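One chain, subunit A, links the two complexes that follow: it is found with subunit B in the first and with subunit C in the second.
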Partner chain A sequence: MQVQPKYFEKSQYIETLNGNKVSKSSILCGIMNIRLHGKTIIKPGVIVRGDLASVNIGRLSIISENTVIRPSSKKFKGSLVYFPQNIGDHVLIGEGCVVSAASIGSNVYIGNNCIISKRCILKDCCIIADNTILPPDTVVPPFTYYSGTPGIYKEDLPDCIEQFQKEYTTSLYESFLPNTPASKGISTPTKSPTAASAT
Partner chain B sequence: MYSKRIENSFQFNKDQINNNIIKYSCNCGKSYHVSELYYCSGCLKTNCKFCITEEIDCFYCPNCLENVSSVEASLNGNRCKKCFDCPICFNILTYSASTNVSTGNETFFLNCAFCKWNSINSGEKEFRFDSHSIKNSKESTESQLQFNKVLEVVNKESIELTSLKDKKTLTRIKIAQAMKQFLGQQSKHQKYNQRKNFLKPDENQRWIQSSTPQPLPDNQLIPKSLSTTTTQSSASSLLLTNQMIKKSIQSQPITTQDIDDMQQKRIDSRVFKKVVNGDNNSSSDDNGYDDHDDHCEQYDDDIDLEEINEIKDSDEISNLMQRYHQVSNQCKELKGLIPQHRQLLTRRSKRCKRCDRLLVKPDINPGKIDFKRSHFAYTYIPRVTISKIQWIDQDLFQVFLTFTNPLHSYIFMSFPMEIKGSMVSLDDNSQLVDLYTNETFISGLLDEIDDNEKEVIIDQLKTLEEQNKRYFTNGGSGVNYRNGNKLTLGFIGKVGVEDALFSNNNNNTDEVTHLIIHLPDQLSLNNINDNDVDPPKFKSKFTSIKFTVVVEFSLKSTTTTNNTSGTNTSSSELGSSGTISESNSSQKTLLKILFDVPSDKFSNTEL
Partner chain C sequence: MSTSPPITSPTQTSPVVINKSLICQDSTVSNGVQIAIGTVLHPRSSIIISDGAGPIVIGENNIIEELVQIINKSPEPMVIGSNNLFEVGSYIECKSIGNGNVFEPKCKILKDTIIKDQCSIGTGCIISEGKICENNTVIAQTQNSQIQTTSTLPYDHHSSIHTTHLELLHKSIPLFHTIKKTPILEK
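Right, the complex of A and B next:
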């Protein structure tokens, strides 16, 4: 089945010049530290903790409802040090996740209700199944499927997962359409409508 | 040959309902989601997982992402030297140090960040990589030692055998290699021979979708060489010489009686025996079995039954998975579990089974995702998605298929009216009755035409397109039916399959003609127009509608300048024009696409 178009209320989203679509009911803390590389969708209820450390999110990545993106930390000499967090291109993060990985590669799929604990490293082309809990410091190698509590290696992925994931996220982005040409009267500046998130 | 719908082999594809709707048939008749197939450009056919041979290119540790040479991997039992799994939850253990404040000494220990298991609490004072306990525990058990010896002998023998090449040795090579494959990983220089001589391994064993080597089997049929052969010194170190085979057959021929016995024993073993201290004979008499009981005594579980009764908290007993992870001692208490080295993963290259062409060659750097060669079906054959499917009458449905061309150049495709083999799959309950009979094209990603001839053909096809507007439609969604490298076509299908399609196909080589029922034009026109009004709802006869579409595609057009090819009437004409059509047809790839659409995916099913 083709991805069915999903319509959103235009007044509820901020669209930037390079195609980022950020919901106004998402919370982006420390907007100066958050860098979206374009064509990224951030859905309602998402919290991105840019105030802790800088967060980079690649092209054509989608962060679904009620997910928390939180840079990871480590104790150094008694004080907490936060690491910058990198999320690659074509990454799909499901609903209700807590993501505090140190880095996430490209073409990664994270299912719904996952917990990616501190300092995890997700390489390119891997899949975390729904309801998985990855313990701290886990490394997920490319072309693997992790699931369970704690998330452990289950099986390999098809070799063409890179192309598949690219196609999938692109089609999701393209089918995420504004509802109607909304009344361009007064846009309600609820939460920092300045597109500082864009580069 | 009939195609069959097979459950996708990857969990990832099983999870996504979408990936179970459309499946591509491999040449062997099994059909999978397109991401699980490969495309061999030599034979212009798709390869499923049963139609490829795999070779291990490299081993790597999933945690430290370090390459491990095959020698080192087999030395360590396909496990990483540095990384450990938690014995309780199988999470990776971290190696940490704690300093004693009073003495200033550092203690190293393994720690699980998930379940808080650590090596100090489990009894070990300190954990170091040179610790003897880990080394000793590796090959401690009797069965493992014996197993290693057998493996060694078989290895040695198969190396010797590969130098000889007469008919007798060939079978021995096969046996030896089968044995090796069964017992463990092959060494690198054996790969080539293994591929040539041993193309049909036990499929069930080989194709389990994980790259960790299989757990070591505990099998009676593995030659228990050493107990019998060691008496005969060095000459008998060959297990598979003719004499040895004869001898073993003569001394202990495996008869059906033996097999029956074995099965009976298995059944018997499910009944728990009474624990009788001391006297073994009485118990064996009661159960009526013989020979093995002499040295096979009671079951482990019976022995420490007392011990188990003592346990107050059921949390102290290890579960099955935990025991399987330590085959050597299979401790029944959590306390006794020890961390295991993490199993290595592999990168594998894949070859076509038909022509031995290399299909996939991954980068050996485990952190990289590049391929040196990547013939995935996903990037070579036109991909199909259903953009819309709806009922237009009782038992009649219209389906809009979007074809995506993943290639850079134009591809030409047609829906053949007759093919060798079958047009339907075994479990089809519907069929398409109204297909576009002419050839059509999809532009590539680059969208440029490189020669004039192609341009002429495309113009011709476009005029044909104008005459057959009803196929070229996007279901009224407003988007053009040609959109970049995508093309949407609308076809009409009918629930129920003509019996003729099935009965015709007793002989696999029979040519089967696809039956086409042309619908009255008013009907198809009507339903295109009534998109904006609320469409009537229909009840579906089946919970899911299954039908098959046969597509032929090639990079060259079969349309000749005289503008008549493709239709039913001109098919004979094409055949007479000889060489051209033949060479063209050899360039074509036939795809069978199997649809299995749940009825709730229809836009107007009455539920």
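Right, the complex of A and C next:
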């Protein structure tokens, strides 16, 4: 599958040494508690609540626009505790999601407008369809497809989903390119002489 | 050389005295909004009064999380009680809200609705216009329909953790966010 290159304004993103691309219009609270393991894209409007508890995001993960990543809380010995959130490698989270899962495995696809409620556990290689609402404390087993309101098991996934998700996130990362003046010049050739002759 | 380890007194911090509301810098609050003591506004939350609309009065000890929109479009004032929890992305446009309610993520309350005390509005619910929710109403969303029952269980759970949740937020949020300075109105 060929992914069309997507260009971004270089001034709007911060690129780190590890290859993370973080939009300047995203809100990362408590930066010292957020660990991006490299080659992660964080798009505009994303909110990551590192101030409540620490957040780990693995390699080659993509978090799309207006998603909220917030650690989940639990009543523990009479008081409320926020506990750390782990997100694995090759995870793609769609637009407008609310993710307060306790942990998300590797090679997971989460569609647009999903709500992953408190303390959910998503194992490796699962797919959550668009507009799914997972109730609190759901455990999604590996190689399964969940959808609906509330999100329930629909079908099994083939083993190749792991390889597919790896290649897909890698190609998405590689096709997410800074907007260089050279590429602009090629894509918009000047057509003024022909336009003038037509009139 | 003492054999017993020194008794490290567990850092028993004094109970947090909540004497102000926390409004994060990234949130938007219109002029004319009254917020009582103890309310917490997370970043990117917004409380908006449309042009020509009435004021919004928010009571004590509410928690308003990220991307919550509380909008007043009608000329009458909008009154919100105490101890409510508005979770991520909920949209509130209703006339009045009582005390001790829980609004789960991405629920939508449309205009002219009245919500009384100790209700729980489930994830992704859309409450139609003009509905009146009595005390202890629980509404949940399924694939094609809404389920409505009466139960005190959600409120019991909410009330058992709400005060500790507030204390935690009042301790931790000022460490990480710049807080808007607001003038304090003496009543």
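Assume the second predicted complex is superposed on the first by the 177 of 199 C-alpha atoms of A that agree within 3 Å, B and C clash if a C-alpha of one lies under 4 Å from a C-alpha of the other, contacts with A are read in each partner's own complex, and residues count from 1 in each chain.
Just so we're on the same page, a contact is a pair of C-beta atoms (placed from the backbone, for glycine too) under 8 Å apart; a residue touches a chain by one contact, two chains touch by 3 or more.
The model shown is predicted, which means the values in this text are computed figures rather than measured ones.
Applying the stated contact rule after C-alpha superposition, one finds that A:P150 touches each of subunit B and subunit C.
Using the contact criterion defined above for the overlaid structures, shared-chain residue A:I115 touches subunit C, although it does not reach subunit B. When both complexes are overlaid on chain A, the residue A:Q2 reaches subunit B alone and has no touch with subunit C. Using the contact criterion defined above for the overlaid structures, shared-chain residue A:D51 touches subunit C, although it does not reach subunit B. Note on subunit A: of its two partners subunit C and subunit B, the one contacting more of its residues is B.
Contacts of A:E65 after superposition on the shared chain: neither subunit B nor subunit C is touched.
Residue contacts after overlaying the shared chain place A:I27 against subunit C, while subunit B stays out of touching range. When both complexes are overlaid on chain A, the residue A:T138 reaches subunit B alone and has no touch with subunit C. Contacts of A:G78 after superposition on the shared chain: subunit C is touched, whereas subunit B is not. Shared interface residues of subunit A, touching subunit B in one complex and subunit C in the other, are 117, 133, 135, 150.
Remark: subunit A residues 1-2, 107, 117, 123-125, 127, 129-130, 133, 135-145, 147, 150, 152-164 touch subunit B in the complex. Residues 10-13, 15, 18, 21, 35-36, 60, 62-65, 89-92, 94, 112-115, 209-212, 345, 350, 360, 362, 366-369, 371, 374, 376-379, 385-388, 402, 406, 597, 601 of subunit B touch subunit A in their complex.
Put simply, subunit A touches subunit C in their complex at residues 27, 29-30, 47, 49, 51-52, 66, 68, 70, 73, 75, 78-80, 82, 98, 100, 115, 117, 133, 135, 148-150.
Contact residues on subunit C toward subunit A in their complex (touch as defined above): 26, 43-44, 66-67, 88-89, 105-106, 123-124, 141-143, 160-161, 164-165, 168, 172-173, 175-177.
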